[in-house]
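Take a look at the structure set out below.
For clarity, chains are labelled A, B, C, D, E, F, G and H in written order, and residue numbers in each chain start from 1.
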Amino acid sequence: MNQERLSRLLEEVAAGTLSSEAALEQLRGLPFEDMGFAKIDFHRSLRKGYPETIFCQGKTPEQVAAIALRMAEAGETVLGTRCGPDMFQTVHDTVPRAVYHAAARAFTVMAEEGPLSQRYVAVVCAGTSDIPVAEEAAVTCLAMGVRVERVYDVGVAGIHRLLEQRERISGAVAAVVCAGMEGALPSVVAGLTSSLVIAVPTSVGYGASFNGIAALLGMLNSCATGLTVVNIDNGFGAAVAACTILKLVEQTTG
Amino acid sequence: MNQERLSRLLEEVAAGTLSSEAALEQLRGLPFEDMGFAKIDFHRSLRKGYPETIFCQGKTPEQVAAIALRMAEAGETVLGTRCGPDMFQTVHDTVPRAVYHAAARAFTVMAEEGPLSQRYVAVVCAGTSDIPVAEEAAVTCLAMGVRVERVYDVGVAGIHRLLEQRERISGAVAAVVCAGMEGALPSVVAGLTSSLVIAVPTSVGYGASFNGIAALLGMLNSCATGLTVVNIDNGFGAAVAACTILKLVEQTTG
Amino acid sequence: MNQERLSRLLEEVAAGTLSSEAALEQLRGLPFEDMGFAKIDFHRSLRKGYPETIFCQGKTPEQVAAIALRMAEAGETVLGTRCGPDMFQTVHDTVPRAVYHAAARAFTVMAEEGPLSQRYVAVVCAGTSDIPVAEEAAVTCLAMGVRVERVYDVGVAGIHRLLEQRERISGAVAAVVCAGMEGALPSVVAGLTSSLVIAVPTSVGYGASFNGIAALLGMLNSCATGLTVVNIDNGFGAAVAACTILKLVEQTTG
Amino acid sequence: MNQERLSRLLEEVAAGTLSSEAALEQLRGLPFEDMGFAKIDFHRSLRKGYPETIFCQGKTPEQVAAIALRMAEAGETVLGTRCGPDMFQTVHDTVPRAVYHAAARAFTVMAEEGPLSQRYVAVVCAGTSDIPVAEEAAVTCLAMGVRVERVYDVGVAGIHRLLEQRERISGAVAAVVCAGMEGALPSVVAGLTSSLVIAVPTSVGYGASFNGIAALLGMLNSCATGLTVVNIDNGFGAAVAACTILKLVEQTTG
Amino acid sequence: MNQERLSRLLEEVAAGTLSSEAALEQLRGLPFEDMGFAKIDFHRSLRKGYPETIFCQGKTPEQVAAIALRMAEAGETVLGTRCGPDMFQTVHDTVPRAVYHAAARAFTVMAEEGPLSQRYVAVVCAGTSDIPVAEEAAVTCLAMGVRVERVYDVGVAGIHRLLEQRERISGAVAAVVCAGMEGALPSVVAGLTSSLVIAVPTSVGYGASFNGIAALLGMLNSCATGLTVVNIDNGFGAAVAACTILKLVEQTTG
Amino acid sequence: MNQERLSRLLEEVAAGTLSSEAALEQLRGLPFEDMGFAKIDFHRSLRKGYPETIFCQGKTPEQVAAIALRMAEAGETVLGTRCGPDMFQTVHDTVPRAVYHAAARAFTVMAEEGPLSQRYVAVVCAGTSDIPVAEEAAVTCLAMGVRVERVYDVGVAGIHRLLEQRERISGAVAAVVCAGMEGALPSVVAGLTSSLVIAVPTSVGYGASFNGIAALLGMLNSCATGLTVVNIDNGFGAAVAACTILKLVEQTTG
Amino acid sequence: MNQERLSRLLEEVAAGTLSSEAALEQLRGLPFEDMGFAKIDFHRSLRKGYPETIFCQGKTPEQVAAIALRMAEAGETVLGTRCGPDMFQTVHDTVPRAVYHAAARAFTVMAEEGPLSQRYVAVVCAGTSDIPVAEEAAVTCLAMGVRVERVYDVGVAGIHRLLEQRERISGAVAAVVCAGMEGALPSVVAGLTSSLVIAVPTSVGYGASFNGIAALLGMLNSCATGLTVVNIDNGFGAAVAACTILKLVEQTTG
Amino acid sequence: MNQERLSRLLEEVAAGTLSSEAALEQLRGLPFEDMGFAKIDFHRSLRKGYPETIFCQGKTPEQVAAIALRMAEAGETVLGTRCGPDMFQTVHDTVPRAVYHAAARAFTVMAEEGPLSQRYVAVVCAGTSDIPVAEEAAVTCLAMGVRVERVYDVGVAGIHRLLEQRERISGAVAAVVCAGMEGALPSVVAGLTSSLVIAVPTSVGYGASFNGIAALLGMLNSCATGLTVVNIDNGFGAAVAACTILKLVEQTTG
């Protein structure tokens, strides 16, 4: 029916009974969203440089490898998260350029290795057990062409270690802060820096940590205002948020 | 940019350098979703007879009255759910045609009172405490022009009362079955009828009923296959689902 | 005691002291439910074509194989869900006709392969990780003689892929929509089609997805009215509900 | 810099231009936490323009009024959140300059009304019931000197209303998106804009919405990467995060 | 259809072409459950003496009064639980014979006051806050004609008070033990008596008692084997279970 | 100090300055519980015939075998629950008389095989997946010398199978009813028998069954009054409760 | 029976056929626990100075007043917690000596006002909203004769305020630290003092604070080892624990 | 004291006996956090004897071994908790002095084996399944130089076993009491001793024990005042708390 209406309109234009301006106006008058979702693709192309990401968990190695191959052949940077070493073997057999980041349980296929951003994102974590999540964040930043400063093993129990790293954190555009157990680290970091802190609860802990729920709740209820939170163990998502801010700043300043 | 492209295309049609058929083809070729969400509106207009609904809870009486007035003036049937008697007073002062359904805590402003559907939806509930939810379902059906058979107070504790109503339930296109506590009634009803049972857990109960969670879980885990479930106390949503099926049947059969 | 009463009544009829009409009337007067549950079996036989289903999880391979054999010998179509490849091996050794559907982790033993229904059910899923649940739904439909259109990998992140499949979904009598994580897909699909959407939360996700609870809650609270929900990962149950509607429509229209 | 200051001070002592007592006094006069948490105060003074905030809930009207008075007298901009009209009356009696924002259940005492920022934050909400949370965000932005664009009542059920506002949202440095029920709006908005989306689950809903838990989980599990989340109903915190980004951009670009 | 079959069968008996014995046999051959649910009513009449119960919460005073009147006129003993004093006023106006038990928030209309049972049920509770639940149990027993021994305020903190009552508890056929907070009392009582202990968690407590969940979980996980549990605050249900055992013993022994 | 007091008292008696009656009175006056917990052992010895039970889960095979040996040597009947076949191997090597019950995952070492009780306990379960829990209950009864009637695979989906077993269930002193998923079976059984129903939720199910929580909540909220509940999968505890009632009846009647 | 045995023993002592030493030995040989629970009372009397406590919530004003009167007349110090001002009015009418502590929602009736302990307990809280809980702890200490240092409003957001109070906290035998929201304060305090920190989660907060659950989980998962936790809002319990340690120290050192 | 030091330093600068450069260097050389968190390091050095602890779970064997080696070489006592036998093998290969405590799943590297404390901590547990947690507590005490009395397998079901150990528990400075299931043991122990009871819920149990949640809630809601609680299975933390009290007492008394 929509099509009939369009058809008729075009015929009137062809017949000269409707000016192209009037037709355009009428088209504009069509349910607005006709033009709507088209935009999506345009602004997608704008954010070029964002890697295509494969969440590997729950997929077969063959599926992951096939998707990675297709994307890599299309010239995209590919990032595969939650990818164990066995699964990566299959990926590597299919896409020999793929590089594995064991600590992050992630792999990348870089489209082109341009220079990293001037500004950087700080990736902070409380203990060695939180490193896999922090590394997922760090690798994601790098795959997005963003420089990273890693500040690891600075839990609140030995606060002086954190204080020694204060400068490096404060210099970042945004800080991705990963912590399990009671998840207090992001609150403390937020007190040390004026940039945005993105908190990542990790599933590190036992008993009443409930696989990260305690940390998640702690972060959501933080008395440090301005803290925002992502899903448990979601280093990837936090990194994308941080890089979005960094790119906004770099775009604005040229 | 999209608009420029459209503009150019229309000018070509006007100039005769592009036939209206070719233009139509090109329009079809535009990012597919251009036409996409337009459909929404069309099929919306197709399901005329669906009431515009106001979920009153959390709104001020004035907001509700204003929305109801606007919709009623547009010739729509209006249904207001979760509306207490005090709030309705304000609505009534603004829209005198509005009718209150105390048991359902709902009001309606009917656009036109055509005949009800031939087929009907059965609205079943376990105890007198479940009646507000059941009535919300019943009033919703009526606002959609659908006939309702009410089968109330047929809890599984006195199963013969349910069995006496078996015919009326089986004759329905779909049954909306409301129950609190352990929520076993929908399972039993599903054993008595071949039509679809839509289960509505109610917040009736105490202690470990957790305001309807026990009933919700019971229904989700029902061993009676083919049962589907809506939110706790959501008589409205279940009724819309049931009426959707009824209208599909009536449309198909002319 | 009941039997004595029946006995006496029959003797009176035999003796001619009670007419068969009066006896029938008296029988009717017996506690109503005497006749009650009898209906169950009759309407069961009406819905012939429904497969006998074995929920394999928690049973031994031997138990599953034995049940499948008994049912298959009785001429029933058999559907086994949640059946791993190892377990199926045992089933296959016992019932060589059994066919395995690896993606669905299900097997079927078809009683007779009649033509599929004319109308169809759409089975939609968000990502590749949801496919096992979607396939369980699809295989269930097929085992019930219902035609299926599979619309896979159309998550809301890349909404244009979904829009391209709009026609196929809208053409369905009902849509079974499977999604994990935040479970938003069924809401979006419900905006694109006028037929009933049956939402299946899947356990896909991590962290605060809590094995499908986030998706389940999202679907139960959907602002798209008319959505109904089944248990987490319950592709089978959703398919039975969808087929129930389809068969209702086909029965009604002859 | 701190060290320079120390250096200079010590040199003056060495030079005899400063007595050791006076030097000690000056050292004492430095923010006490000087060598350790020193940065805190400095960066606090850097983020001048940030309001002093009173979370009123759980305090007595007298406590709130006293704190507001003390802060206002110190020349600070004061923001009071979760403040009912009765409580505000007490505040107003004490600080007559205080202004109440009924829809936000907040009050402000502005230190000086300079011009608002050039760039803006978009505050988006799904339904009228979400407005109190959205307004808390908007009032917070204004108290921080940040321009706001309000985009209200654009729930995903009527997606064309959202699409009409696309430009205004995309033009923002960051979008604070408030939604209750299944909380899908932030995911959809994130698909329409390249700036950061900060999601605020609201306690709007009933039954299995569990006072905002469903929305919170939906947002944490969003398939739209880069989304970050704050506590349920925490419009204030989301606004602070958004303004932090905006000020970072404005600072960087001069 | 069933009826046709019955009709034909009776006509054959009337015609003498079928003996009443053969007819009886055929009737027996009908789907077995034909005779099935009839039993329910018989055994219901067997347990005469059981009160008809009205769960008042969630009903209007008028509904409660009307139901109570109908039952009382039918000569039944009536028990109304969860009935506040205001609601009872309406009941009393309608059924002047109704007696209110304030501590139990319950009322009774006794059909006939026969002698109480010889054996008794012990109703035990931990603290004065648990008394309403304990009294609901006690009043229920009395309404069922069962003698009660009340053992109140014997919490485990002052265990000697419990020990002093040891004999009275041990002499009971069954003990209904009500406790909130950590719910340890039933475990201790179970160590003191050889009769069955029915544990009733109460919603007494605060914080992590979660309205009785802590007590409920404590009782379900009791290391005292043989303990069984009912819903939070369900004094009524526990009393019915205890009286069922008592009546079984009294029936068996004549 | 207590001892000093006792010592002095005894010396006074010896010295004749205190009569033995007065001394007894004084002893009685000592904190009552002095005599208190002594009783425990006496009534323990009364319930001879109860097996000594080992909850094997979480113990090493060696620990289980050692405990079993010590008890068996003391002439006790031993019951080991939650014992896998591998663990039993170790037990059997140590106590060759031990008998394994594979379906129950339990073993017994019978002290003496006397005749079973005349009355019996009915052990009922819904599906084949519930059998391990039901068998744990059955084996426990047998270890306690109590006769059992097993009524298995009578889920509410095929209610006629349950009705066919009505007589056997009604004849029991108590019924242990095991069910997973929505846990509706105990409610239905409670409608068919006048004896006490002890409900055992099982962890059978998936998704929103939450390992038996749905069944547990369903049973706690059952509208069938008089139902009592034990922990998830606790067939042992339910059996002990049932046997306690049976032994009470048999003791009373001689 | 036990008594007979005692009786006989005493008679033998009186008769001189048994020495008092031998009798004592035999008494020791009685089931050991005979002497067991006696200890309870003795050590109770040892900890004289502990107040008798009434948890007022859930009791009627009359019950509270009556209990308070009975205890006060027995010369005990009485502490009533969770007592609103209206309830206290009734208490005061009955026990005029009773003193109300409004901020703590508690009252005391002091037996005798001796000097407070030399050492002290620090009661620390994060914000003004936590004061009621902190005051309950402080009043409890005072009722136990223990000196208190209050350190209030030292939340981690303004950490210098806490640091200024470092000395006073470190000087305490134990610190009761109350905090709501994410509950991080006890962890930080534990880093500043070598004495035991007893953490009290408060129900202060909103949204995902879940009435103190977030704070409770944060404290249970604290990376500051040696922290122990009490129930949400349980200032009383924490104070008793702290005073127990203080009294142990004072006892040991004379 | 710190100030004195500063004072002296400044005077030396004024006196010319110290160059300003050297003074600056000295200031730098002070523990950096000097004025702020300075205390931390000082009191750390004060609590010498506390082991450096490695929470091994979630770390690789290599990481654990490397950390252990570094600490051991620094002359510290090292305690590794949650360390399986395989992981220990790697530790042992690296630090041959390391000793494994299999029952505790922990290892220690003792700096110097001085005499244990005179006073002791009682470590109590309910059943053999709780021993791993109890042993973690015991080994922690020993690593801290604190004497331990183990009181195992004294569950409340056989309360006389507990009573027999009464003296040993009462003699302790503090008791660490570990229990799973309903977690009632700490409450009972608290009734037997006047010293502080630190309750450790264990994850022992099944079904509604929810891996220790039931025990945790039971302990948090204990009616035995003065009980404090640590995380599920956190034997280590409870031991540190108990040793903190013991050292406080020993320090005070010299």
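Just so it is clear, a residue touches a chain if its C-beta (ideal position, glycine included) is under 8 Å from a C-beta of that chain, and two chains touch if they have at least 3 such contacts.
Bear in mind that the values here come from a model prediction, so they are computed numbers and not experimental data.
Colleague: Minimal path length between chain E and chain F through chains that touch?
Modeller: 1
Colleague: Provide the labels of all chains in contact with chain D and in contact with chain F.
Modeller: B, C, G, H
Colleague: Please pick, from A-D, A-C or A-H, the pair whose interface repeats that of E-F, with more than half of the contact pairs identical by residue number.
Modeller: Matching pair: A-D.
Colleague: Hey, which pair has more contacts between C-betas, C-E or D-G?
Modeller: Higher contact count goes to C-E.
Colleague: Name the chain whose C-alpha centroid is farthest from the C-alpha centroid of chain B.
Modeller: Result for the farthest chain: H.
Colleague: Between chain D and chain E, what is the gap in Å from one C-alpha centre to the other?
Modeller: The answer is 56 Å.
Colleague: Suppose each chain is reduced to the average of its Cα coordinates; what separation in Å results between chain B and chain E?
Modeller: Those two chain centres are 39 Å apart.
Colleague: Centre to centre, by mean C-alpha position, how many angstrom separate chain C and chain D?
Modeller: Distance between chain centres, rounded to whole Å: 50 Å.
Colleague: Compute the distance, rounded to whole Å, between the mean C-alpha positions of chain B and chain H.
Modeller: Chain B and chain H have C-alpha centres separated by 59 Å.
Colleague: Find every residue in chain F that makes contact with two or more other chains and list them.
Modeller: 31, 33, 36-37, 40-41, 159-160, 163, 191, 207-209, 213, 216, 220-221, 231-232, in rising order.
Colleague: Going by the touch rule stated at the top, which chains touch which?
Modeller: Every pair of chains in contact is listed here: A-B, A-C, A-D, A-G, A-H, B-C, B-D, B-E, B-F, C-D, C-E, C-F, D-G, D-H, E-F, E-G, E-H, F-G, F-H, G-H.
Colleague: Could you pull out which chain H residues touch chain D in their complex?
Modeller: It is residues 3, 6-7, 10-11, 13-14, 16, 19-20, 23-24, 27, 30, 32-38 of chain H that touch chain D.
Colleague: Flag every residue of chain C that touches chain A in the complex, lowest number first.
Modeller: Chain C residues touching chain A: 128-129, 159-160, 163, 204, 206-209.
Colleague: Contact residues on chain D for chain C in the complex?
Modeller: Those residues of chain D that touch chain C are 126, 155-157, 159, 181-184, 187-188, 191, 205, 207-210, 213-215, 217-224.
Colleague: In the complex, go through chain G and note every residue touching chain H.
Modeller: So the residues of chain G in touch with chain H come to 31-33, 36-37, 39-40, 43, 46-47, 53, 160, 163, 166, 170, 173, 191-196, 198, 216, 220-221, 225-232, 236-238, 240-241, 244-245, 248-249, 252-253.
Colleague: What does chain H use to touch chain A in their complex?
Modeller: 31-33, 37, 40-41, 55, 57-59, 63, 82, 201, 203, 211-213, 216, 231-234
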